[in-house]
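Here is the structure we will look at, set down as structure tokens.
Chains here go by letter, A, B and C, matching the order in which they are written, and residues are numbered from 1 within each.
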Amino acid sequence: MRVALVLVLIAAPLAAQNGGGAASRLAGRVPPAALPAIDSLIAAAVAESLPSEPLVQKALEGSAKGVPTDRLVNGVRRSLLQLREARIIVGRAMPDQPAPEAHVAAVSAALARGLGPAIVERLLTVAPNEPPGPVLHAAADLVAHRFNPDSAADLLVEAHNKGLHGMRLLDVAVAADHELQRAGGRTHADALARVRALLPNVPTAEVPAAVTRRRTKGS
Amino acid sequence: MMAMSPIDPRLQEALDGERDPGTLPMDLREAYARLMGAANLLQTLPAVSVAARVMAEIHDLKPEVQSVRPARRLMRWLARPRAVTLRLRPAWTLALVAGLAAILLIPTQPTNRPSPGAHEGIAQFVGHFPGARSVEVVGSFNDWSRGSLHLRDEHHDGIWHGAAVLPAGPHEYMFIVDGERWVPDPLAGRYVDDGFGAGRENSLLIVRPAQASLDEDATPR
Amino acid sequence: MRRAKPLQIRDEALPLRVTLMVNDGPPAPTDVEVVARVLGGDGEAFGILIRRYEPGLLRFATRMLGNPDAAADAVAESLVRAYRHLAQCRDPARLRSWLYRITGNRCRSHLARRRTNDISLSEAPPLADASDSWAVLERGEQVALVERALNALPAEKREAFVLKHVEGMSYEEMAAVTGARIPTLKMRVHRAREALLAALEELV
């Protein structure tokens, strides 16, 4: 079966890297009744030196989904509260410098996926000068697959110490999940032990053969 | 330790501009003058200026502020597809894998092929929606706007697919089937509550940089 | 806003009194106009906003932090942030409130990183002789005494007092700057006045 691969045009708001252009992006998309409250929440984020793009995205998402106004505003407000919590966590992990916005956004995303604050803080301290997104998502992946959070963090810390950084930490999570899925059944502890034995030579993620997999929640 | 005693409400009113201070008794007028005098002393303007420093820093930021309008990504063809991790479902997975393998292994037409940039990767979307008339993808990468990423079912077998060049890093998204039914991607493997209180979940995709040597994560905007 | 000096000339040769309007120069652009220029790509125009608001912001930050160098850092950081997020200032007519809000938050962050809110003894100017009456003190000594009393206030009350009586804001504008409700702000200002009066009476 030959199938042509079609790539499509994506109109991606690059200016959103700095949260710029929020007003023009929301105009005509967000219901007028919700706009003042959402503007106020975004302004609060800006004034508090929090990343505002997650709030803009949440407003656009809820509007596209047709979420009722009160729940739309609550959703954006919830995102703001999550960012504030994220900054507290980043501040505890990195007390000697202002919390970088990228770190705050990454931690907020990890909290949204259900990762606990203690695990987040621990992983932030492993490599404070590296972008925290990959290690946090790797931990969230493992927790979503019912691995013990502390054990998951132990594995990722060990992987990092053995030279696996950035996206390679996601491969560690994938490998642990694959070990769990092997025919014959494995306990979570077994799966982690096998991956630990592989470090640092964890396979790079690739298209697997047909693997039966149940749906897992990320939050 | 300062001993605070409540100020006479009339004094507070005068200080708030709600009462003529001339109507205050002498003792309160003295207190009024003392506080206003203290405020006047604090109104001295500093002699320093941060203008040069700020303008120098802004000069470096110029291009980012000027890109107010959304940038457009050009249509790109894959020269060499990169692997992505998929979670597959049973039953129809064999056909899907075969089709996907064809997608991934067969080079496309050698027309103009710019590759993904240093901090970009290929995101591939595949879904099984037999009987659907249309399937599109909306998410954080297109401001949740419709019309920019339609999947195709070229063989009319219910397997819809498409791909896009996206910034490396995490992206939340959903499928919209037949223009009205919002569905999480069953193959995403990662899901996150959308936070609007109805228990709906977004799919989560983490795009890897096309250049495997890059470990840097383009963290969320 | 047009600035002009009216000159009234009586000239016997003229049957009517003629009033000449002399224009000092082109009218200063409004905040709305400047913001539009900056967002349109004229980054240099942001200098107009800096010159317009920097003195007040520096004064505000200095009163909050008790340290002119820290205040300069806070204001510079705030102005850069304002530039980066200028498109999110939906009401440029209220730009002043927005800038003060960002600066206030920056100051709070600086204060939170300090171990104490007080300026260090090495930074504090020497106190005047407490036996001197207020009138006898040099102006600089008076300023130092008032600064010391202000620095002794908790940050929220200090901010409220400074915004009200140094920056001359209405309670409505203070609410926009701080995010606090007006009754809350009134209470803070009232308590700050009480504390300052008591402190001034003790110091002199």
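Everything below uses one rule, namely that contacts are C-beta pairs under 8 Å (C-beta built on N, C-alpha and C of every residue); 3 or more make two chains touch, one makes a residue touch a chain.
What you are looking at is a predicted structure, and each value in this text was computed from that prediction instead of being measured.
Engineer: Edges wherever two chains touch, nodes for the chains themselves; is that graph a line, a ring, a star, complete, or other here?
Structural biologist: Contact map by chain: complete.
Engineer: So, comparing each chain's Cα centre against the centre of all protein Cα atoms, which one is closest?
Structural biologist: That would be B.
Engineer: Which chain's centre, taken as the mean of its Cα atoms, is farthest from the centre of subunit C?
Structural biologist: Result for max centroid distance from subunit C is chain A.
Engineer: Identify the chain pair with more contacting C-beta pairs: A-C or B-C.
Structural biologist: It is B-C, judged by the count of C-beta pairs in contact.
Engineer: Per the centroid of Cα atoms for each chain, what is the distance between subunit A and subunit B, given in Å?
Structural biologist: Inter-chain centre distance comes to 12 Å.
Engineer: Roughly how many whole angstrom separate the Cα centroids of subunit A and subunit C?
Structural biologist: Going by mean C-alpha positions, subunit A sits 40 Å from subunit C.
Engineer: At what distance in angstrom does the C-alpha mean of subunit C lie from that of subunit B?
Structural biologist: Subunit B and subunit C have C-alpha centres separated by 34 Å.
Engineer: Could you list the positions in subunit B whose residues touch two or more of the other chains?
Structural biologist: Counting only residues that touch two or more other chains, subunit B contributes 64-65, 68.
Engineer: Check each residue of subunit A and list the ones that touch at least two other chains.
Structural biologist: 15, 18-21, 24 - these are the residues of subunit A that touch more than one other chain.
Engineer: Residues touching two or more other chains, restricted to subunit C: which are they?
Structural biologist: In subunit C, 84, 86-87 touch at least two other chains.
Engineer: Under the stated contact criterion, what part of subunit A meets subunit B in this complex?
Structural biologist: Contacts found on subunit A: 1-21, 24-25, 29, 51, 53-54, 57-58, 60-65, 67, 71-72, 74-75, 78-79, 102-103, 105-106, 109, 112-113, 131-134, 137, 140-141, 144, 165-168, 170, 174, 204-213, 215-219.
Engineer: For subunit B, which residues are in contact with subunit C within the complex?
Structural biologist: Per the stated touch rule, the residues are 2-7, 11-12, 15-16, 31, 34-36, 38-39, 41-46, 48-51, 53-55, 57-59, 61-62, 64-66, 68.
Engineer: Taking the complex as given, what residues does subunit C use to touch subunit B?
Structural biologist: 38-39, 41, 43-44, 46-47, 50-51, 54-56, 58-59, 62-63, 68, 71-72, 75-76, 79-80, 83-84, 86-87, 139, 142-143, 146-147, 149-150, 152, 161-162, 165-166, 186, 189-191, 193-200, 202
Engineer: Give every residue of subunit A touching subunit C within the complex, in rising order.
Structural biologist: 15, 18-24, 39, 42-44, 46-49, 52, 98
Engineer: In their complex, what parts of subunit B are in touch with subunit A?
Structural biologist: It comes out as residues 64-65, 67-78, 81, 83-90, 93-94, 97-104, 106, 108, 122, 138, 140-146, 148-150, 152, 154-155, 161-170, 172, 182, 186, 189-198, 200-202, 204, 206, 208-209, 212, 214-217, 219-221.
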